[in-house]
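Could you have a look at this structure, given as structure tokens, before my questions?
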Amino acid sequence: MQQTLRLVIDCPDQVGLVAAVSVFLAENDATIVEASHHTDQQTRRFFMRHEIQADSFKLNKQDFANAFAPIASQFQMNWRLTDSADKPRMALLASHESHCLMDVLHRWHSGELDCEIPCIIANHAKMKQFADWYAIPFHFVDFKNQSKQQAFAEIERLLENYQIDLTVLARFMQILPDTLCEKLSGRAINIHHSFLPSFAGAKPYQQAYDRGVKLIGATCHYVTKDLDEGPIIEQQVIRITHSDSADDMVRKGKDCEKTALSNGLRYHLQDRVIIHHNKTVVFA
Amino acid sequence: MQQTLRLVIDCPDQVGLVAAVSVFLAENDATIVEASHHTDQQTRRFFMRHEIQADSFKLNKQDFANAFAPIASQFQMNWRLTDSADKPRMALLASHESHCLMDVLHRWHSGELDCEIPCIIANHAKMKQFADWYAIPFHFVDFKNQSKQQAFAEIERLLENYQIDLTVLARFMQILPDTLCEKLSGRAINIHHSFLPSFAGAKPYQQAYDRGVKLIGATCHYVTKDLDEGPIIEQQVIRITHSDSADDMVRKGKDCEKTALSNGLRYHLQDRVIIHHNKTVVFA
Amino acid sequence: MQQTLRLVIDCPDQVGLVAAVSVFLAENDATIVEASHHTDQQTRRFFMRHEIQADSFKLNKQDFANAFAPIASQFQMNWRLTDSADKPRMALLASHESHCLMDVLHRWHSGELDCEIPCIIANHAKMKQFADWYAIPFHFVDFKNQSKQQAFAEIERLLENYQIDLTVLARFMQILPDTLCEKLSGRAINIHHSFLPSFAGAKPYQQAYDRGVKLIGATCHYVTKDLDEGPIIEQQVIRITHSDSADDMVRKGKDCEKTALSNGLRYHLQDRVIIHHNKTVVFA
Amino acid sequence: MQQTLRLVIDCPDQVGLVAAVSVFLAENDATIVEASHHTDQQTRRFFMRHEIQADSFKLNKQDFANAFAPIASQFQMNWRLTDSADKPRMALLASHESHCLMDVLHRWHSGELDCEIPCIIANHAKMKQFADWYAIPFHFVDFKNQSKQQAFAEIERLLENYQIDLTVLARFMQILPDTLCEKLSGRAINIHHSFLPSFAGAKPYQQAYDRGVKLIGATCHYVTKDLDEGPIIEQQVIRITHSDSADDMVRKGKDCEKTALSNGLRYHLQDRVIIHHNKTVVFA
């Protein structure tokens, strides 16, 4: 895959802002691989993402900031420039269910997810076998013989020591403390096994079975301190019938979870997601 | 389409009951067009539907009841036998949105929905043009210049006078009084413009927009006095993105509504639905 | 709906072209409602569509051409500017199947398809009833008592007299002569009742039944003289099983046809489609 | 999972056959977990599958054959009785693509596919790492330094020695010789990376890209000597747009392949598939 720079911007919508950015990019010889724009008609907020062929571009990341500052300031932009060569460091948090963990690991191994995975953290020891195969350091965090507070302090230390950019709750099943949610704001992604906002909280498949819905799903979203209420990145659904047992629903749901999670991670890792209030713009 | 009889049964699961029914049908020369079985593993309740070629069957509907009574009694069956030649009488209730009304009417007109439509009832006069084209009696019920109670009394009289078997709320937008819900129990179907249980109540598309979900949907369900809580027959969803405006969501949602409603009606009219507690078995 | 101008461009990809267009638009005060870009990485061809708020824009359509000519020439652009107020004139060609015709008419009537429909042409008289309800002139063209050549000459005259911009084959079932295909190139859309390239030609549902596929579909495409080989705009599929009869497949397929056709028409009418060789870029 | 017996029957449709089977099952105390029936209206062939709770049933597999023989003979039945405790022995054939192999292995490991996997055979050595992790014997078969004929003779010996019941071509990419196809008839399953019959043969994603289709897919089917023409068990599709590169199509297609293959295998392993001519009845 060729090296690219991603310039991601959001700001109030104004005439002339696309022109200003385009002229700036053209003056610096940017070959644009992909460009996406969106204006939210209700809030008049503008969102823009450019993916630029790195070797075509005159500026490096450091020079860019200085050169771009006047434009960013003029149009009151939130912006970031990321380099596909700087791979984000992603930590996987797991529990006793392996399907999401395995799916993410295999996609990463086969080059579909462009990141580093410096560690896997789990509150069940049996996940170690998967980590070992991929030669990824594994950390068991004990949630039984110490307090939740102590356990999460341990996790927080691990995330810091490994300089983690993105924390993924791959069916982790433990509720993060508010302080950690805030600290990881926009940098922690969860997969919930229902089509949110339906069936938030515990045992969503049983809830779905009891309500008699005809489709079940999964939701990939950013973690916030309001449980299962964070900005949604991606959702998947699958049809069920009366003949699907609770086991069938779990099996079908797992496929939704894997697809929703891996799509959500790919979007995030490629800087395709912009969080705005409690929603996302996803330039898929 | 050939004439068929539909025998629909639910009862506690027991060894020998399928044999008893099959032998009874074979002894009366039934050629079975379609047979469906389901055992709910949690409640051990058994559900069965047979569709029988009418001209192959020795018994008429009246004789059937007498002959079948001992078996039904032995196995504590709820059962019904319907004849495809006895077309259910379906009333359509509409408001100012025409898409569901038009879709049902065209499917009925082209033979996809096997029923009679003796009347259309609406609280907006402009639906009359659609009724006229199909030569169906139209009744405007005024919800502005009389009380809701009076308006619903008028509707109830119409349903009785027309001897309606199935009342369809094709985006009717008025909440039926509890007494009418109970009276029409299992014989009134609503289309709700969200993927229930998400976004029950008013303005589901705005709710979906505000929450930032990535799929929207529609739910066809039996009417109960608990609003939007009745047994679900069919659901449909469609993918949306940040670039879909509220108008786009309404447009996409309409297609979900039409599909969910027409599927739900077809299942009901062909006696493919069995209500059990607050859920449905649908032999689609 | 607000009035918009749509500027649609394709040209060889080059650094500076987005900047040139953006600066031009900004200098003329364009408020951009929607902007879409695509670079085909294999052919290095660039595609771009801007939707501009009409009342924000300094130039009218005539002045635009003169002012934009130097840029268009410099970057070897194919381009068009259309005004949402200039509604395309769309003719519907039908046969004896009404579902696509009715669906398009109702969507048009409810404002979902932004065009005029000056005439409906059919080789079966029974479509007249639908035309009449919508007060659209209806023309029966006899394919039995005159030669195909004569019949198509009649159709061609009608399309000319009505100054038709877009000819829609809404399950027309007659193969257009090569000369007419060429004359209407890029301005005639067909709905084929299979998931092309599978089951091109006659009786696609029977072909699908015989092959035992587990999904069927429909394809909306531009008409070319190579039957069912034109550029595809939109496709839809639906799941089937062994229990679906030929009739069930037709019923399910109709829903695919309606959705694929109406999506394809909406994209075309909003100038969201760019044909490139035998493929399309669709800025949906 | 509880132990079950599966009785799978197909025969000419006749009055009395369901009664005969039901009475036989009831007389032997069978508690029926699941029952499925289908009559093909065109050929009047009848298909039936019963899943019976093993510990409720008076007869063992051997006694069953004797007791059931008269009924089978009377109604000219093809039939089989399988025991969920007798796990089929499944061999995986792979090449250099690991996604299908890994997906099947993980589903098998987590209990979703009820079979034994006595060996993995591949024409690329790098698949050994996956086999090792699951402690499954791995056999590299060299297709470069020996003739195809020799290589396939080696594979055939392995399948025999391991007493393989089901051979799975998990993106094996080598065309089986006719004699082997015939020998494994109904016992070899392939995953093809297109929505057949579209894009049979080599490089289906490139074919799909060149044709400009808007959905791609995958097909799980039984292997026959007519390449990509065997009875289809399951198909999956996913939406693509002009912005999907060839790489994106491969990535999206892989998810279709995994889902179609694992569904197809689960249906086969649970004896839910009946092959009839070149089509399948799948009691999913």
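A few remarks follow.
For reference, chains read A, B, C and D in written order, and residue numbers begin at 1 within each chain.
Convention: a residue touches a chain if its C-beta (ideal position, glycine included) is under 8 Å from a C-beta of that chain, and two chains touch if they have at least 3 such contacts.
Heads up on the chains, UniProt names are A, B, C, D = Formyltetrahydrofolate deformylase.
This one's a predicted model, so the numbers in the text were calculated from it and none came from an experiment.
Subunit C maps onto subunit D through a rotation of 180°, based on Cα atoms and reported in steps of 5. By number of C-beta pairs in contact, A-C leads over the other of A-C and A-D.
Spacing of subunit C relative to subunit D, judged by their CA centroids, is 41 angstrom.
In this assembly, the C-alpha centroid of subunit A lies 36 Å from the C-alpha centroid of subunit D. Among the residues of subunit D, those in touch with two or more other chains are 34, 41, 243. Judged by the touch criterion defined above, the protein chains are all mutually in contact, each touching every other. Residue ranges on subunit C touching subunit D, taken from their complex, read 38, 40-42, 47, 195-199, 211-215, 217, 231-235, 237, 241-243, 245-246, 278-282, 284. Those residues of subunit D whose C-beta lies close enough to touch subunit B in the complex are 13, 15-16, 18-23, 25-27, 29-37, 39, 41, 56.
The touching residues of subunit A, counted against subunit D in their complex, run 34, 98-99, 102, 106, 110, 112, 133, 243, 251, 255, 259.
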